[in-house]
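So, here's a batch of structures to check.
Look for chain A in each of the two complexes below; its partner is chain B in the first and chain C in the second.
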Partner chain A sequence: MERISQYQLFVLTVFFQVGTTIIFGFGAAAGRDAWIVTIISLLVGIFVISIYLFLSYLNPGLTLVEWFPAQFGKWIGTPIAWLYPLLFLYEGGRILNDIKYLTTTIILVDTPFLAIILFFLLVVAYLQYCGIEVIARIGEIFFPYFLVMILGSVVLILVSDILRVDNLLPVLKNGWKPILASTFPLGASQGFAQSLELAMIWLLVSTSHKEIVKTTLFATVFSGLLILITVLMIITGIGEFFYKIESFPMFALVSKVNIGGIIKNLDAFAVLLFIISAFFKLSLHLFFAIRGFQILTKVESSRKLIIPITIISIYLGYSVSSNYEEHIKVAIEVFPYNLWIMLLWILPFALLIVTLIKRAIKNRKKEMAQAKE
Partner chain B sequence: MRRNMFFKNTKIKKDDWDNVTVKVDAELIPAKISEVLNNIKITMGNSTDLVTRDFKTGKDGSIDIGIAYVDGLADKVFVQDYIIQPLMTDLRMTGLDIEIEKDPNVFEVIKNFNLVSGDLKEIIDLKTLYTHLLSGDTIVLIEGYKKGFAVSSQGWQDRGIQEPTSQTVVRGPKDGFTETLRTNTSLIRRRIKNTDLWIETIPVGNKTQTDVALLYLKDVANPKIVNEVRMRINKIEIDAILESGYIEEMIQDKTFTVFPTIHNTERPDAACAAILEGKIIIMVDGTPFVLIAPAVFVEFFQSSEDYYQRADISSLLRMLRYFCLFLALITPSAYIAVTTFHQEMLPTLLLISLAAQREGVPFPALIEAVMMEVTFEILREAGVRMPRAVGSAISIVGALVLGQAAVEAGIVSATMVIIVSLTAIASFVCPSFNMAISIRILRFVFMILAATFGLFGIIMGLIMMVAHLASLRSFGVPYLSPMAPMVAADQKDVFVRVPIWKMITRPSFISQSDSRRQATPSPKPPNKSTNEGGSQGENK
Partner chain C sequence: MIKDWLFPWESHIMINHPLAMPVFMGIASFFLSIVTWTRGNNNQNKSKQKDMDEN
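Entry: the complex of A and B
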């Protein structure tokens, strides 16, 4: 069985949570108060991730898709469990769409979608063949460079003097309502509650459950701070108006960097940053999907599923949305309400309640049995 | 074994051959000398370098003795002075006859009193006889005994210990391995005077019977890896081993990769350092290149000189090497990507200058780059293979005709010549030749990726390359360790080389036993108090 280390779990969690967020911005609907959304989302996220970790503690030795059959029984639990790999697969398709719109808008203007999707998936599929150990290892290799690139862009942005703190004012002009609206479900789910997927690999980590809890929560705070820094920079750099209307606000910001007329036009580097993090997110989505299907269908080798899943992903990448506007609209207005609320919030909470009740009954029975003796 | 999958017939033939060997195995030495010597002559087809001799000695010539050796392998003077001389003349002059009369076992008497040699083996079957004969030993046979002696008398012409040509250093030992296995093992033994340094020899090659030696520090090396290496070498079924490259290709983990998973060196000090890290050295008779297993990626960017120069210099040079790795891999493809897809990334003036240069060039950037890179590869290969005498011709042709004239003729742009030369020089910075070759192969892949997908292609290519590297293993050790999986304690010798006194433990990804290298704290001059002299400190 493949094993990953604690540090690898940390790296994968950060990559997974930061994912596509740093480029698309976070809580854009709340305008200049998006940073407040980020903080609240982070707090809610920590809470919900703790619950997931608690669930994994209550179901020792089981992955996410095995929790439901174990607690709800075979007939109710299995259909619910099937929803999760399908969700992962669909989310993978969404990432592919992000990439195809982004690359064709910014760096490869005339390249056909299919070429990009196929090339991207080719690399992802190769990684699936290599397994989670290798994914974790390349995560380890790229993580320092990823951080250096983020820090580098922060330094460049600071040096080129484009940040205006005035852009943050006035705080809470429209009250708390828009903030809460963009916190739930979108903000708290995006990245944070999505970490439920990581329950597929918590079992593989070669440390105690306590260490996994520590690492995951630490990684969550870490990525929350990364997102917060990005959001603050974008708002102060380009202002509320552009933050709301730009498709890729991070690019709008990075392309404003100009140091002495020499260091400028760094969009391509920002794309690289984005591609790396999107790549890890997609690889993890597909890995979790394949692993979920493997456990549910009881196929002995997950390798057999890689090609079918990749082919489905090609189709999804091509067809999830027909244009960028639709893609974003679904991402903000449809998808979180229809899928995430159900799968990332209601079902896990129901599972928690059922698990606790079953546990309580079991304990009661035990006590009674002991009392009888 | 792998070969059998493709050629079904080989298997049958191999079985036949096995049967033959079994027969030879069983064949014992006949008691009659003439019979044995004839057997040798017939088996070896009366080869002209085979020398056989039989003579009578002892009182009244009662003892018949036969000797055989291969001229050129055996030391003629030694054979003359220490084998023939004592047997032929001394045996008569000394009082040995009395001994023989006392004890009729002539064989034992001769063994104990006459053969003046430290390395003497009794042999009873013909197969061993031939192995010894062809290794340079002298065979001594005595009439009436179904056994003989193999007296070690090797003495052939070999190249002396010279400075290694493939891995040179400014500071450090200048001796290099030679083609003789025994000389090579002695170079190691001279540096590591420790009973734990174990040497195992395995003959490999059905036809060549080449000696392959494993060297390791018994208490440091990981026994699992030692067993694995031994097992893989034992499994080799091949007719000939002519260089350590044969062994390398036969025993490496994954055959489908451009990256070397076994390191090689010509330097005894580098081999010793590897042994002391718990690695295993595989020496092959007949080549100065010894193999080091297991090998990890970063090792190919370490030179033995890194440890002889000061730590700060070495760290800087090492970082320079990684930077050059990046340059050698990416420069041409980055140029292609930027000029083809991302012109906006360049400062305007530079862009105008580049565009003006490329104005007259009839090819797209990819064709231009591939053309020049291939030209360089041709030049390099020609430089390695051709006779030394015509060396200057190549440099003239390379520099003038292909460089300057190509630009002036408007076939390539001057920038491209700069890019190609930069790449070429950067690829030679890598201390290990076989890693440099892998980088050069991948460079072409990256150029094609850059021409199709621009920077996106390059970054995906990099991810794929790192994934491939991360999936490789060398004898169970992950190829990218200690970076991935991350071992914080082993970062001391990756991108920087920390001072020797900081290298307290051996790299843990190779071996966990006896991992402490030195005592802490290391010997230091005594602490001097701020305002008093050194003598005060010494008194404390």
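Entry: the complex of A and C
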């Protein structure tokens, strides 16, 4: 059985939660109040991740796709469990679309989508053959560089004197309504409630459940702060109007960096940050999908599933969206409501209730049996 | 119309028919569950056969 360390769990959690948010922005619909959306989403995220961790404590030795058959029984639980690998696969397809739109818009203009998707997936598929230990080790290697690049960008942006705190004012101009609308379901689900997927690897961490809880929650706070810093910089740097309309707001911000006419055009930094985080998020989505398929089809080796799932991902990467506007519209207006609410909120909460009731009944029966004796 | 429900992951279909994707996933997960149920029985039979052979 493959094993990952506590630190590797931390790194993978941060990469997974930050994902492509760092370039696309967070809570843009709330305009200059997006930083409030980030804070509330982080708090809601901590709450919901605690619930997931509690579920993993209540279902020891089982992964996410095994929780449902274990609690709901095989006739109801198995179809519910199958929804998750399908969701991971679809989300992998969406990440591929994020990559294809950013690369074809900014760095590889006029390059066919298929070429980008194919080469990216070749590397990701190879990583699936290597397993989660190698994915985690590569994450461990890239993580310091990732942080240095973010820190470097922050320092250069601050030195460039392009941030205007006035852009944050007035706070709550439109009241709480747009903030709450941006927080749920999109803000709290994007990255944070999505961490339910990490329940596929919590079992593989070579430490106690208590340490997994601490590491995951610490990583969540860390990711939340990274996103918050990014959001604050983008709003103060490019203003509310451009934050709302820019396709890649972080990219727009770093493009403004100019230190004495010598250090400018930091576009490469933003692209690298995006490629690294998208690469890990996609690798994890596909790993979770493959592992979910393996557990549910009871195939002995997950290697048999890598090629078929990679082929499906290539197809999804090509077909999920036909243009950038539709891609974003689905991400904001459709996907969180028709899939995330059900799969990341309703079903886990229903599972929690059923698990607690079953435990209470079991304990009561035990007590009654003891009383009879 | 039928084509819309066959490829519900495509963005224009998700926008025009938001329920197509959840319905598709529900149906797909039911059919995939049949694989789980049948393979589960096969594995149980295999392990029973193995136990009998060993005994």
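As a working rule, the second predicted complex is superposed on the first by the 373 of 373 C-alpha atoms of A that agree within 3 Å, B and C clash if a C-alpha of one lies under 4 Å from a C-alpha of the other, contacts with A are read in each partner's own complex, and residues count from 1 in each chain.
Note that a residue touches a chain if its C-beta (ideal position, glycine included) is under 8 Å from a C-beta of that chain, and two chains touch if they have at least 3 such contacts.
In this text, all values refer to a predicted model and were calculated from it rather than measured experimentally.
Of the two partner chains, chain B is the only one that A:Thr103 touches; chain C does not reach it. When the shared chain is aligned, no partner comes close enough to touch A:Ala70: not chain B, not chain C. When the two structures are aligned on the shared chain, A:Cys130 is found in touch with chain B, with no touch to chain C. Of the two partner chains placed around the shared chain by superposition, neither chain B nor chain C is touched by A:Leu180. When the two structures are aligned on the shared chain, A:Lys329 is found in touch with chain C, with no touch to chain B. In the superposed model, A:Leu204 lies in contact with neither chain B nor chain C. After overlaying the two complexes on the shared chain, residue contacts for A:Leu83 are found with chain C alone; chain B is out of touch. On chain B, the positions that touch chain A within their shared complex are 341-342, 344-345, 347, 452-457, 459-460, 463-464, 466-468, 470-471, 478, 480, 483-486.
Interface residues of chain A, counted against chain C in their complex, comprise 74, 78-83, 86-87, 90, 93, 296-298, 316, 319-323, 326-327, 329-330, 333-335, 337-339, 342.
Chain C makes touch with chain A in their complex at residues 7, 9-12, 14-15, 18-19, 21-22, 25-26, 28-30, 32-33, 35-37, 39-40, 43. Interface residues of chain A, counted against chain B in their complex, comprise 5, 7-8, 103, 107-108, 111, 115-116, 119-120, 123, 126-127, 130-131, 133-138, 140-142, 261-262, 264-268, 271-272, 275-276, 279.
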